[in-house]
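Across the two complexes that follow, subunit A remains constant while its partner is subunit B and subsequently subunit C.
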Partner chain A sequence: MYLQIAWRNIWRNSRRTTVIMIAIIIGVWNMVFLGALMRGIVVAMVNNGISTLTGDIQVHQKGFRDDPVIENSIKNPELVENMLNNTLPSDARWASRVRVSAIANNARHSSSVTLVGIDPLREADISFIGSAAIQGSYLKPDDKNGIIVGQALVDKFETKLGYKLILMSQDTSLEIASRAFRISGIFKADLEFTEKKFVFVNMPVLQQMLKLQNGISEVSIILPDHQDALHVKNTLNAELPSNLEVNTWRELLPMLNAYLKIYDGFILIWYLVVFIAMGFGIVNTTLMAVFERMREFGLLKALGMKPGRIIAGVLTETLILLLIGMATGNILAFLCVYALSGSGIDLSAFAAGAEFAGMSRVIFPVISVWDLSAANLVVLVLGLLVSAYPAIKAARFTPVEALRHT
Partner chain B sequence: MAKNLIFGLFLSLILITAFSATAKAQDARSIIEASFNYMRGNASIATIQMTIHRPDWERSMTIKAWTKGQKESLFRIIAPPKDNGNGTLKKGREMWIYNPRINRVIKLPPSMMSQAWMGSDFSNNDLSKTDSIINNYTHTLIGSENINGKKVYLIKSIPEPEAPVVWGMQILKIREDNIILSQEFFDEDFKPVKKMTGFQIQMLGGKLFPKVWRMQKTDDRNKYTELVYNELVFKQKLKNSLFTTSNLRNPGR
Partner chain C sequence: MSIDAKMAWRNIWRNPRRTGLTISAIAFASLLLIFMLSFQFGSYEALINSSVKIHAGHLKIQAKEYQNKRDMHLIVPDPSAAGKILDNLHAIDAYTFRANAFSLISSKERTYGVIVTGIDPVREAKVSSLAKLIRVGSYLSEKDTDKALLGELLAKNLKAGPGDELIILGQGRDGSIAATVVQVKGIYRSGIDEFDRSTIHIPLKTFQDAYSMRNSVHEVVAVCKSLRDVSTAKKNIRKVINNQTNQYDITVLDWQELMPGLFQGIQMDLISGIIFYVILILVVAFSILNTFLMAIFERTREFGVLMAIGTTPGRLTKIVLFESMSMTMLGIIAGIIIGSIITFYFQVNGIDIYGSSEILSQFGISGRIHPRLSILSVFSGPLSVFLITFLSALYPTLKIRKLRPVEAIAYV
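Moving on to the complex of A and B:
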C-alpha cells in the first residue's frame, strides 16, 4: 500500500523527481566510481611495493634493516632455507637475495644504485622482474658477467645492450670491490624510480665480488594470500634463531601502510562530502513536495491518520527515490569500471607527477566490497535520515494550519 | 720434398708473424711502463697550481704533492688560505681525505670514488687507479709520427674484457724520450670523452717534463682543469711515514 501510494506520489511532479534522481545517480556513480579509482591507486601501490623486492614477509639478520650493510648479512643461509622448506605452506614461494648499495659507472655517467644478486629462477616467481618486459634476455643462471638494468638507467647512462657497466661497492673486508658487467637485459617497471634504482646480477657472482662466501642479505617470501602475512610471521619467528628477524610488508613499508590508512579515511570523508551536497538536494525536494501537499496532509490528519503513518509515507517516497538512484548509479559506475578494466587510465603523460606520489603509470579501478557497501550505506542511511525532517514536518501539520494555507 | 719445404716456409712465416705481433704488444707495453716510470720517478715532491675553468667562473689553488712509486701519493692544498690544509692520501686503490674544518680523516667510500676531486675534471678514480692503464689494458702500437724532429708513438690501449674500467679505449701519445704528450679517454663506442694533454716541455727537477697539463672534456671546450708544475723535485726515496693518515692530519710531524 505504502509503496503504491508513494510511487504514484513521486511521479505527480515528474520533472522535479527526475532532476533529484539524476542528482542521486550522479552522486552514487561518483562515489562508487571514484572510490574504485582511488582504491585502484592504493592497490597498485601496495602490489608495486610488495613486488618491488619486498614480498609479503622478509627474513633479515637483526640490524640489517637499520643499517643495510654487508656486515649485517645472514651468514648461514642453509639453516634458514631448510627451515623455510619445512614450515612454509606448500604454495608459498621464496627466494634469497644479496643486496647492497653500489655505484654504477660508465665512461660518461655514474649513479648510485641498489645492486641485487638474485637466483634468477626463484626470483622470477616472486618479484616484478619475473613478469617485467625485458629487452634482451633475462639472467641465465650461469651468466658470470650479465647484468639486468632498467630502461630509465639505460637512457640516463646513454648506453645499450651488450655495453659495459662498472659496479663498485664495499666488500666484507671494507675494501672497495669493483667489477665489470655487460648489460644483458633491460627491464621496464611500473615506476621510473624502480628502473633507475635496481640492477640485477647472479647471486654467486655478487657473493664472490663482495667476498661474502655464501652469505645473503635477505629472504623474501610471497604467500598465496597477503592477509596471512602476520600469521605466518609468528610461526616463522617461533622457529628461527633469535639473531634473525621476520617482518611483514606492513612493517617493511611503513609509509605505504600509513598511506593505506589515510586512503581508507579519505574515501569515507569523500563519501560524506558528496553526500552533503546530495543531501541538501534531497531535503529541498522532499520539503517542496511536502509543502505542496499541505492540504492533503491536513485532510489525512482530519480523517484521523496517525502521524507515524504520514512519516512512513514520506520516507517511503524518499526510499524509492534513493533506491532507484542508487541502483542506476551503481550500474553506471560498474559499466565505467568495466570499460576501464581493459586498458586502465594511462597517466604516462603525467608520469613524473604520478611518480612523486608513488603511483603507477596506469590506474586500474578496483571495486572492493567494503567501499561499495560504505558508499551505498552512507547514501541510504543518511538519505533517510535527512528526509526525516520534511517527513516529521508533514506529520505535524494540523488540519487548521492546512485550512489556512491556500 | 718440395712439399715439405713449402710447409716449413709456411710454418716459419706464421711463427714470425705471431712472434712479431707479441713483440709489438710487448713493445707498446714497455713504452708505457718506461714512460710512467720516467714521469713518476722513484719519488717526487711538487708544487702545483691547479686551475679549474668553467664557462662562468674560474678558481685556482696551489697544491703540494708527494708521490712514491705507482701506489702512494699525498696531496695537500696550501693556497688559497680558505682551503689550506685540505688533503688527500692515496695508497693503492684506497683514498682518504682530510678536512681541517671538521678535523676528520675520511676514508673515501666507493660511492665517492667517481666524484670529482676538489671540483676538478679529475675524478677520485682517476687518481686512485693511475696504475690501471698498465695492468688492465692490452696495448698496441698503432703508429708513430715526427713532431719537431722527435719520434712520437701512438699507442692504443683496449681494456681487458673483465677489467673493471669504464673506458672503451685510451690512446696515448708518448715521445721517444718517454714523455707522455697526451692521454685520451674514449667510451665504448670509441667516441672521445676527455683528454689530458701536456704542454711546455722543459727541464724540471733535472729532467724534461711538461710544465702544464690540461684535462679537458671533449664535448665542452670551456670546461677544463689545468695543472701547472711550479716546482718539481725527483728523489730517490721518501719516508714511508709521509704516506700515513696521521701525516695527512698533522703535516710536518
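Moving on to the complex of A and C:
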C-alpha cells in the first residue's frame, strides 16, 4: 500500500524525479566504479608485493630481517621443512631460498643486485618469477651456470641472452666469493625496480659458492587465502624453535600495509563527499515535493492520519528514489568494470610515473564486497537520514494552516 | 540595481530554505575543490623540493647519455668552464660539482656495492640538503681528504660508525684499479631508503685522485632561485653550450628530465584528480538543477501574467538567469571565503594524515603536508563550478520560450 502510494507520488512530477535520480545515479556510479579502480591499484600493489619474493608468510632466522647477511641464515632447514609439511594446510605452498646482496659485473658495467638462490620447481608456484614472461628459458633444476635476470638489468648492462655475468658476494668466511654465470633467461616484471634488483640462480649452486652447506635465508609460504596469514603465523610460531621468527606480509611490507589503511580511510571520505554533493539535492527535492503537497498532508491529518504514517510515507518515496538510483548506478558501474576487465587501463604513457608511485603499468578494476557495501550503505542510510527532515516537516503541518494554504 | 536584478533578487528569497540549500551545495563544491587542489599543489611542491634538495637539483650539466648509462667515461671535461656559464646567469642560486662511480665498500666484516659520489663540501652544502641530513658525526669540511659520509642504512649494513675505516675498491676512468681508504666522518639519513642504503660521499679531490679523473667531473648540479626560473635558465645554458664547440657532447637537463617518474607521477595524480572533480561537480549540478527547474514550473502562472502584460520571453529568461546566477555567485563567494580560510589554517599548521609518515618519507617528505593556496587553486575549482551550473541553469530557461500566455495563466 505504502509502496504503491509512494510510487505514484514520485511520478507526479516526473521531470523533477528524473533529475534527482540522475544525480544519484552519477554519484553511485562514481563511487562504485572509481572505487573499483582505486581498489584495483591497491590490490595490484599488494599482490605485487606478495609475489615479489615476500609471500603471505616468511620464516627467518632471528636477526636476519634486521641484518640480512649470510651469517644470519637458517642452519638446519630440514627441521623447518619437515615441520612445515606437517603443520601447514594441505593446499598451502612453500619454497626455501638463499638471498644475498651481491654485485653483478660484466666487462662494461657493475651494479648492486639481490642474488637469489631458488628451487626452480617449488619457486614457480610461489613468486612472480614462475609466471613472469621469460625470454630464453626458466631455470632448469640441474643447471649449474644459468642465471635469470631482469630486462631492465640486461638493458643497463648492454648484454644479452647467453652472455656472461659475474656475481660477487661475501661468503660465510667473510671472503669475497665470485662466480661466472651465463644468462639463460630474461624476465619481465611489473616494476622496473624488480627487474633491476633480482637475479636468480639454482639454490645448491649459490650455497656452494657461499660455502653455506645446506643453509637457507628464508622460507616463503603462500596460503590459499591471504586472510589466514595471522592465524597460520601463530600456529607456526608455537611449533618452530625459538631461534626462528615468523612474519606475515603485513609485517614484512609495512609500507603496503600503511597504504591499505590510508586507502580505506580515503575512500570512505570520498564516499561521504560525493554523498554530500547529492544530499543537498535529495533534501531540496524532497522538501519541494512536501511543500507542494501541504494541503494534501493537512487533509490526511484532518482525516485522522497519524504523523508517523506521514513520515513513513515520505521516507518510502525517498527510499524508492534511492533504490532505483542505486540499482542503476551499480549496474552502470559493473558494466564499466566489465568493459575494462579484459584490457584494463593502460598507463604506458605514464610508465615512469607509475613506476615512481609503485603502481602496475595496467590497472584492472577490482570490486570488493567491502567497498561495494560501504558505498551503497552510505547512500542508503544517509539518504534516508537527510530526508527525515522534510518528512518530519510534512508530519508537523497542522490541518488548519495546511488547508488554508493554497 | 536595475529593475530586473531587483526582481530576481527578491524572487530567490521567496523560498529562503530552498535557496539556502542550493547556495550551500555550490559553496560546498567550491570549498572542497579549493582545499583539494591546494592540498595537491602543496604536496607536489613538497615532493619536488625534497627530491631536488636531497639529490637531483633543478638542472644538471652532464655528458649526453650519462643520465641513461651512468658510464664513468662520460665526463664533463672542463667543469670550471661550465661553472662560468652558471656564474653569469642571474637565475642560478648555487651550483656544485659531482663525480660518481659504482664501487665495493668494505668495513672490517662486511662488503657491499654502492655508488661513491665525490662532492665539493662547501658548494654541496649550498645546493643539496646533505649537510643538514647528518645525524651522527659531522659534515665534511673544506680541507678534509680521505673522509666519508655514509647513508644510515649502509652504515648499519657495514656495521660502521664515525671514525671507522672503509676500503673503497672500484675501477678508475683509465681502467686502472681505484683503491683508497677513507674514514667515516658522518652519517646521514634522508628518509629515502634507496638513497640511505646505497650511497657514500667523499671529497671530490679524493675521488678525482682515486679514480684517475684528473680535473673532470660527471655532473654540474645547479639550483635556481625558484622553480619558475628553471626553464629559462635551461634555455640560456643550452644556448651557450651549443655555441661553444669544445663542449659539443655536453648537455643540460632539467628536473623533469632528471626525475621523469616524479614529473609523470604528478601529472597522473593531477589528471585523476580532475576526473574526480568533474564528476563531483556534475553530481552537484544535477543536485541543484531541480531548484532551477522548479523556479520556473512553480511560477508558470506568474510568467503567464507577466507575458500577458507584455514582458518578452527574452526579458523573463534574463530574470531567471539572474536568479540562478546570483545563487551560484553567492555560493561560490561563500565557498571561496570559507575554503580559503580552512585551507589557510592547514597551510600554516600542516595536515598529518594518520599513518602516512612512513609512506611520505619514502618520497623524501618529512612530517606534515602543507596545502598551498594560489590563484590557480583558489579560482580554477569555483570557475568550473560556475561554468557547469551556468549550463544547467540554461536548460530550464529554454522552457520559457515555449510558454503561451493563455495556457500558462490557466495552469494551476
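Just so we're on the same page, the second predicted complex is superposed on the first by the 399 of 406 C-alpha atoms of A that agree within 3 Å, B and C clash if a C-alpha of one lies under 4 Å from a C-alpha of the other, contacts with A are read in each partner's own complex, and residues count from 1 in each chain.
The rule is simple: a contact is a pair of C-beta atoms (placed from the backbone, for glycine too) under 8 Å apart; a residue touches a chain by one contact, two chains touch by 3 or more.
What you are looking at is a predicted structure, and each value in this text was computed from that prediction instead of being measured.
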{"item": "Simultaneous placement of subunit C and subunit B on subunit A, clash or fit", "value": "clash"}
{"item": "Which superposed partner A:179 touches (first subunit B, second subunit C, both, neither)", "value": "first"}
{"item": "Which of subunit B and subunit C A:26 touches, first, second, both or neither", "value": "second"}
{"item": "When both partners are placed on the shared chain, which of subunit B and subunit C touches more of subunit A", "value": "C"}
{"item": "Partner chain(s) touched by A:106 [first = subunit B, second = subunit C, both, neither]", "value": "first"}
{"item": "Partner chain in contact with A:226 - subunit B first, subunit C second, else both or neither", "value": "neither"}
{"item": "First, second, both or neither for A:295, with subunit B first and subunit C second", "value": "neither"}
{"item": "Touching partner for A:145 - first (subunit B), second (subunit C), both, neither", "value": "first"}
{"item": "Partner chain in contact with A:170 - subunit B first, subunit C second, else both or neither", "value": "both"}
{"item": "Contacts of A:265 with subunit B and subunit C, given as first, second, both or neither", "value": "second"}
{"item": "Subunit C-contacting residues of subunit A that also contact subunit B", "value": "101-103, 108, 110, 112, 168, 170, 176"}
{"item": "Subunit A-facing residues of subunit B, complex", "value": "93-94, 109-111, 113-114, 125, 161-168, 185-188, 193"}
{"item": "Touching residues on subunit C, where the partner in the complex is subunit A", "value": "17-18, 21-22, 24-25, 28-29, 32, 71, 102, 104, 109-114, 156-157, 171, 198, 259-268, 275-276, 279-280, 282-284, 286-291, 293-294, 297, 353-356, 358-359, 362"}
{"item": "Interfacial residue positions of subunit A with respect to subunit C in the complex", "value": "15-16, 19-20, 22-23, 26-27, 30, 34, 67, 69, 101-103, 108-112, 168, 170, 174, 176, 254-255, 258-259, 261-262, 265, 270, 273-274, 276-285, 287-288, 347, 350-357"}
{"item": "Partner subunit B, residues of subunit A touching it in the complex", "value": "101-103, 105-108, 110, 112, 145, 159, 163-164, 166, 168-170, 175-180"}
